[in-house]
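One structure is given below, encoded as structure tokens.
Which chain is which? They are A, B and C, in the order written, and residues in each are numbered from 1.
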Amino acid sequence: MGISLGEIAGRYGCELHGEPDFVVSQVATLSGADNDSITFLANSAYRAQLETTAAGAVIVGPDDLEACPVAALVAKDPYIVYAHIAAELHPAMELAPGVDPAATIAAGAQVPASCQIAPGVVIEANVILGERVYVGPNSVIGARSRVGDDTRIWAGVVICHEARIGRRCIFHGGVVIGADGFGIAKDDAGTWIKVPQIGSVTIGDDVEIGANSTIDRGAIEDTVIGEGVKIDNQVQVAHNVVIGAHTAVAALVGISGSTRIGSRCLIGGHTGFAGHITVADDVMISAGTAVMNSIKRPGFYGGVAATVDEASRWRKNVARYRHLDEMARRLHKLEKLVEKKLGDK
Amino acid sequence: MGISLGEIAGRYGCELHGEPDFVVSQVATLSGADNDSITFLANSAYRAQLETTAAGAVIVGPDDLEACPVAALVAKDPYIVYAHIAAELHPAMELAPGVDPAATIAAGAQVPASCQIAPGVVIEANVILGERVYVGPNSVIGARSRVGDDTRIWAGVVICHEARIGRRCIFHGGVVIGADGFGIAKDDAGTWIKVPQIGSVTIGDDVEIGANSTIDRGAIEDTVIGEGVKIDNQVQVAHNVVIGAHTAVAALVGISGSTRIGSRCLIGGHTGFAGHITVADDVMISAGTAVMNSIKRPGFYGGVAATVDEASRWRKNVARYRHLDEMARRLHKLEKLVEKKLGDK
Amino acid sequence: MGISLGEIAGRYGCELHGEPDFVVSQVATLSGADNDSITFLANSAYRAQLETTAAGAVIVGPDDLEACPVAALVAKDPYIVYAHIAAELHPAMELAPGVDPAATIAAGAQVPASCQIAPGVVIEANVILGERVYVGPNSVIGARSRVGDDTRIWAGVVICHEARIGRRCIFHGGVVIGADGFGIAKDDAGTWIKVPQIGSVTIGDDVEIGANSTIDRGAIEDTVIGEGVKIDNQVQVAHNVVIGAHTAVAALVGISGSTRIGSRCLIGGHTGFAGHITVADDVMISAGTAVMNSIKRPGFYGGVAATVDEASRWRKNVARYRHLDEMARRLHKLEKLVEKKLGDK
């Protein structure tokens, strides 16, 4: 349980300024590190902490090397190197294969001996689990769902019937996959008729979904989450949404039905998407944006209309916003008048 | 497992253009349908897909009949007819009555033999279930709660003590009904005193509540959800809210304490309501709106202040918003000055 | 099960206008109260209800005494007195100590005999519970976590490994504590590498967390929730956030990673915080605010850019917002022109 700086330098292509044989055994923050720890500086804003760190070694970018008072590993992207080292020094929980006696596995479910099934788990009929799947306490996997190799489902997760889950996925506590989409139609009497949701959910390999997020099943065809997609906590993905590969979605985002998000997008928290729109690949959207129309070109977009302000000023601005259109008309009228009377011609 | 077009036409009052004896056995999308399938066109924006569909039959509105290359069922509201047919062809899961041995039913709870109680369910003391209730894996029903006939509670749902749930309701995974409302009072020392939440939750018949939504119990009297209300995922309903019958609430909406929403309202996603306000019947509110005051008349309302824009322009607009009140004052001053000097009198 | 008005007056320092021996046995609303009930008026907006109440007694502020038609207890802060009396008359559920046979307690977990462990609970290895802890049905406590005396964990809660929870906390249904933070780093190939989340969560004494809220574990060091903090439903607290003592956070708030919120703050619902910012002590933020930068001084802040409006006007204002910067430039140009031509010098 330790790596020498020489090993790190070799493995991740870093330039080492320090003793190659020096061994670090854990990761730490710049301010919390001791001589046994390796840490990193990815954001120069924290440079002051670098100067006083007691770490055994620090992974830094080229520009921060000079300020590093201890052994340094210079990397183009210190955060990526840190991520790899942290995973080596602090590996994920090792599986203890077997089915806990307090789990309920329905007849016809396939649970390989390499899986770990925790107490309270319910696996319904004809579920097929891959090798080395972990299902945490009190999670539920609905009938006829399939889960790929090495996927880890934490506690209290609900996967409804007929979902298709890829390999190496991670679902955190309270995630609900495949609940009915919000499909309702109003009849002549003004009451809502439920529209059956007969599609399901298809989730690619290497998808991570944060705590209490919800991915609804499709109305007819499937809701689709592409490979490598990373979804934060409390995100809502409605029926028939398609999210392209390697897109990352921050917390509290809502994506309405049938909207298609491209690949490699970055979606800021609290952002909302209207239904039936399309977002191109490589789109970055700032937090809190209301995306009411399709975005056709890659690029950086935003939309939060105002940021925090002192209440006295904020209140006045809100009051003025109600009259923004009127202001615009008055401005136009004034321009016309001034031009007519004072025009420079 | 199939319906003839003639049966459909008769049952739902459609005008049939095709063979009455032709049988369809499943629903599909316009683009995914084969000859065995029936589909629909409710939104003329998808008309191009109609023209190339391989469906056995399509439910269309009168204006789309001509463009339909296959058998057509003409209906005033194709989506409603589709909903009924989909429910016939893809009926809800049939109950398998009985209590799973891995469920825990407290002494004094009434669970009719027609109910299906899944593994891991916990039903506390003096709960009363109606006939044919389904309680999914690992769901919990708290002491003294009542659940009406034919209600379906999916997996991982928590219903706290003393809730009153109507008939034919559907609660999706992770729903929490009847947790304490957020009642706190600050004492002289600046610490919060918990205000006991001794009301409960009353939910009418035919209410559907989406995954991970939360409906808090009332502080003194009950939180009330009217009959036929449809609530999407991750909606927060605070203590003593009242929602009128047949109102539909989209995902991620928050309704603060003691607010009353009328009947037959439509609430767009991510909308927030202040507490202690009233919204009239038949109000439609666009997504992302901040409803800070009561709405007294039926109608269509909105409030999202800005929609997505390219970041360069968006940033400039945000910066200007901070000075909106000042802009309004400058405009007013200029108008006065121009009027005084150039007035047309 | 009842308190005399004289006892109340003595215990909470109220001035009694009524019979000291008169006994009330429950709390009620002004409009729902009968002669057996005590109620309160904390908001003069409800004064009309006071005038017609049938309550046995009402707790009122000095200004409302005259309008009270029944026995009155005059208090500086009627709501605080009400909270205390409600807790006396409607005490929290009494514990029934013991471990339900349908719970799973791992070897090495310490569960004192004074605790109540409900059916379906899973307590993993080396968990340490304090005295009189309640763990509700189907809740999960991960390996090596500690929970302080008298804490109550309702149904369907997930506490991940190594969390440290204080005394007298209350966690409502569906809360997830200690899921991995959203730590991802993009490698050269454009795929996300998971950054191990090896910190945990530390929660102080007397913290209440609402249904389906999520508190992520720290990336390296802990996420920290100070003592007496009150968090409403569906709040998202990201990794390494620090929330100071006695701060209250309303529903649907999102706090991004490493942000520090001060003590005694009040955060309105649907508010979002950017990451790596700091909010001072004693800050009050109105609902729906986007807090993108640090707030350095105590005070009242807001930021929702627009509130609900009739759709016709709202749509025009949204359209104008896109051109706000251009409007500001045109106004400036016009001012210059008018000043040059008409200046009062």
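In this section, a residue touches a chain if its C-beta (ideal position, glycine included) is under 8 Å from a C-beta of that chain, and two chains touch if they have at least 3 such contacts.
Keep in mind the model is a prediction, meaning the values are calculated, not measured.
With chains as nodes and touching pairs as edges, the resulting graph is complete, every pair of chains being joined.
Residue numbering shows that chain A and chain C use the same positions for less than half of their mutual interface. Mean C-alpha positions place chain A and chain C at a centre distance of 25 Å.
Among the residues of chain A, those touching two or more other chains are numbered 120, 138, 156, 174, 212, 234, 252, 270, 304-307, 309, 317, 321, 324, 327, 331, 334, 338, 342. Against chain C, in their complex, chain A makes its touches with residues 27-29, 32, 77, 79-80, 82-84, 86-87, 90, 92, 100, 102, 118-120, 136-138, 154-156, 170, 172-174, 206, 208, 210-212, 228, 230, 232-234, 246, 248, 250-252, 264, 269-270, 287-288, 304-311, 314-315, 317-318, 321-322, 324-325, 327-328, 331, 334-335, 338, 342.
Within the complex formed with chain C, the chain B residues making contact are 104, 120, 122, 124, 138, 140, 142, 156, 158, 160, 174, 176, 179-180, 182-187, 190-196, 198, 212, 214, 216, 220-221, 234, 236, 238, 252, 254, 256, 270, 272, 274, 285-286, 289-293, 295, 299-307, 309, 313, 316-317, 319-321, 323-324, 327, 330-331, 334, 337-338, 341-342.
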